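Chain nomenclature is as follows: A, B, C and D, assigned in order of appearance, with residue numbering initiated at 1 for each chain independently.
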């Protein structure tokens, strides 16, 4: 941490700062500038975290130097993590597609969707049984009944199951049926829930919060990792910006940034990321090119009858077409050793 | 809901739309424009919510007309709600101040803070026992021990207690000690938690999410109200924008907007809203003038030693000075019948 | 400037950085941390500005320490600036109201508006003769004809004139008729225009850009000041956020922040800041309480017939009502010495 | 346009609205809903634009139905526009790369950069002679001297020249030397400048504003088109969001959205879009996959010595590596007929 003093800070002010640092068992180094002085704090960051230098007399502001997440950082784990989800490896060069309806609506809808997902080449079936909805009057999901349909679909197709868990009490139940637990954007900083899934040994897919910085997202991953669960996959699903044409602004630069800052795999959700089915294919291809480890997409046997998010769901035809090109593109990039990000510089 | 058709939509497309509307038991009215047609959907919105018109052929986009929240709306309850929190009335022209440290750190710190809060004129003591923190390595709060100190402070000073509850399992415990349950910004769409506090009869203060629209916020309140708990107070605490000088951007226009759209009281948090103690007083005064029903502020006996958020905490001296002016201003506005928002237009 | 090295940076990397600093005639101070080293650069910032340390091997990132604006800073000019606009002083404790229609539409409309503005207590008449509009097909203003009506209104009422100048070629003409040149939000970083008005001796009101940080705004003011024109007034008019209920998000904390960082007066525009006439009064009162030096508001003799921005224009009745309370509030705050921001901390 | 009435609107209110619509020579259609009435306005939108329905009694809000831009819309011009820039065609399936330094710094720097750009496969040389800079004390560009170096570089390498024009007075001069006039993000709504370049017959590349919606961007293009210049190319260069890790948030979904809404070609700038050279290659590949018509990138013979934006400039080595993969990827997509956006749905 570096403490920037005001131009008018007194020697007394500096002395006070240095004393506090020493009392915390840390080292202070003062550098005199032309306009103002700066004090560098050397030592274990966690001790410094409990001192509010910003509130001390003579201080203009402070600047954090080192990152607060450790286990999620590339420094702590230089090679890509590969997460094994019931036999399917995610990360380290593989490419995984998860497809299915936004919500599990009925046994028939789900089994049909599963057949289509499978036929198109996905390895995972997605589908929400617990639905976080803006309004309490919107469809809230089939809950355990929905999970059972998902399990049945797995049995029929062999597809792995990814589904959202929205509350601590449901973690055990969802973990019983699902292969991959999804933490949704609205729960990215539901720290209690993060800790709970961190205590299971189930792989977790952590979606980025609507207004979360990359730093906050990796800190949220740290909550899961620090509980002992190393099987964390990130998912970029668009962030909230001022643009209203798209539902969210898909931040594909986060894919490359995460690859640089962290060893965790990262999946892209172009359905929520755009909110418009017409933009899903170009963004899916772009995600492949940006180096994503996979995709999660909404596909519905009949989008116009979907109970939620129909506007962003692909029809089966659009899904097949997209998959053909996505897989071709991924093969091409692999064959050409077209690593989009160079970790050695 | 109004469905905007594309200029090139066919008569067949319109027919399809109208059929779906009729099948849902609703009425469709088609209006022919110069460039394109529009279809108005007449009837109970919740039925329409399950149909994804956006995904139907020929549709350009849809526009929602009526609000999805009902109990929270001014239409459903034209007069201001007044929430009674252990004898203190919030809303309907009263003015309530809540002050105290960000986190309960120790018995001594809290009791000292309570004395100061009381002396300055606050009616509530704030202080977090469960702290949601970006990093798992930051101070996470004293939990039940902290709640006990809060209860002791209430006994000593008579101040009511407002404190955050971050998880379903803790609702009962927190409700045992606190007078007002705070739902923090990061949990504004933790729907499971909203339902849980909705099932208690404790008053709830619902902070606006970091990136929540006013509409989403009132829908979150609707989750609590629809479970039967009518004692909901809103709290504007700043939203996330691109500006980095302040920690958040305090949206005071939300105070007037909420007064227009809803009957629920609204409190302002200028401490989180700005992140800088120096901006707390001007924003506190501005909140009074904008028509807020109260303030919640961070004050610490010694901000430089605070375990969290010291930079935005007032010293006791700044707090006393602020309170003198805030209360004087509120009295002035009340004496002058200076209603900032006119509900009768 | 502080340069943060990567944890894996080599001694060679550090040597390279230090050399570049020395070659620029500056001093380097290296501080060794636990995880990484930092290099402080001591000396004239402008020399450092031409070196891209971020692009050098071993560098993680750099952090700016001192501000890039000088003349606009409070440090360079500790007392409030008072800008004299044709005999009316803005800043330093005065309070100035500017009111009138968004656009000058006709001689009759403007003269009627001027009478109303005057009667309500405003000192300035506002009205756009050159209108920057999103669409080329919207009403673009009466140009010089509009300026003549403004001049006539001044003659009739004594009100000073504030009007926008949108292009370099029009600066001379607008300066001929107006007392205060307005630079609109969309032109805040039209640096050529800033320099041009900087070369006149006319007072300038610089509106904050839609997505401008406070730092960028003060740098834009610096463009005008550095050309020799000291008569700069700032105007907060709302920033673009994700919220759609309001047209913009009025950032009143910017008022207090600007007072702290700069000596320039700051005016608030609650009309553009909210986009809804109903929110104008509460935000006007809040602006007074936050310490603004004045207000600029849209008022139209008949808002429903306004050629632009009718939705945010006050009717004469709402305007009179607002003015009564605003002026009463300002008097109260002045009498009570209620300085919202304390410059001596 | 659709006018949404308040639930409590009176028959008199509706009558007033309808009258105004009729007086404007338009048709009104009233639809009675369960909660509220809506009034559709049928006819030429431009007449309606001058009536402020939002300000009329009984009106809740209004919703625009049709777009305000016409010439820029896909409807008006169903096939892709192909812009011929001194013999090089942009749009309609071609792929164009523009590379070079942020600023023209010296003859030697520019000629070296031009050789590298050419060798890597770019068709255009970029380089700013007029630099819009946040601070007036930053390097402002070599102006006409810089333009001459650009012209010389063209002579030597055959590369076409793209360079920014920031002011009306310089349009003629810049147009004399450059093949493609760039309008920068900060000038996207400098309408006077847009009109001026609209009156030349030079191709124009219009960068998206920092906080511009896609709709505003296409309206800005309309300003140029409506003056008679059909040679407009759009450039996505990142938008301002709350994320601070990247300089901007590159909105690649805008590429697909623009392809859907407009016939104009769109180029992507991953350098400004990310602000970090390390993220340029993945975003360049992603832009190709998303369907962009080309790229514009910053490359500097020696980024660490760049006078501006060194942190986001590629070294020659990184540039060659990027170009190899970008061109390979583009060829692959073309060979596979991998249209990312399907215009026939």
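The rule is short, and it goes like this: a contact is a pair of C-beta atoms (placed from the backbone, for glycine too) under 8 Å apart; a residue touches a chain by one contact, two chains touch by 3 or more.
Since we're looking at a predicted model, the values are computed, not measured.
Counted as hops between touching chains, the shortest connection from chain A to chain C is 1.
Relative to chain D, the most remote chain by averaged C-alpha coordinates is B. The distance from the centre of chain C to the centre of chain D, with each centre set as the mean of the Cα atoms, comes to 26 Å. Each of residues 211, 240-242, 244 in chain A touches at least two other chains. Within the complex formed with chain D, the residues of chain C that make contact are 20, 46, 49-56, 68-69, 132-139, 166-169, 186-187, 189-192, 210-211, 216, 219, 222-223, 226, 240, 277, 303-311, 313.
Against chain B, the residues of chain C that register as touching in their complex are 211, 213-215, 239, 241-246, 249-257, 259-260, 273-274, 278-279, 281-283, 285-291, 325, 328-329, 332-333, 336, 338, 340-342, 345.
Of all the residues in chain D, the ones that touch chain B in their complex are 2, 4, 7, 29, 31-36, 38, 40, 42-44, 57, 63, 65-66, 75, 211, 240-242, 244.
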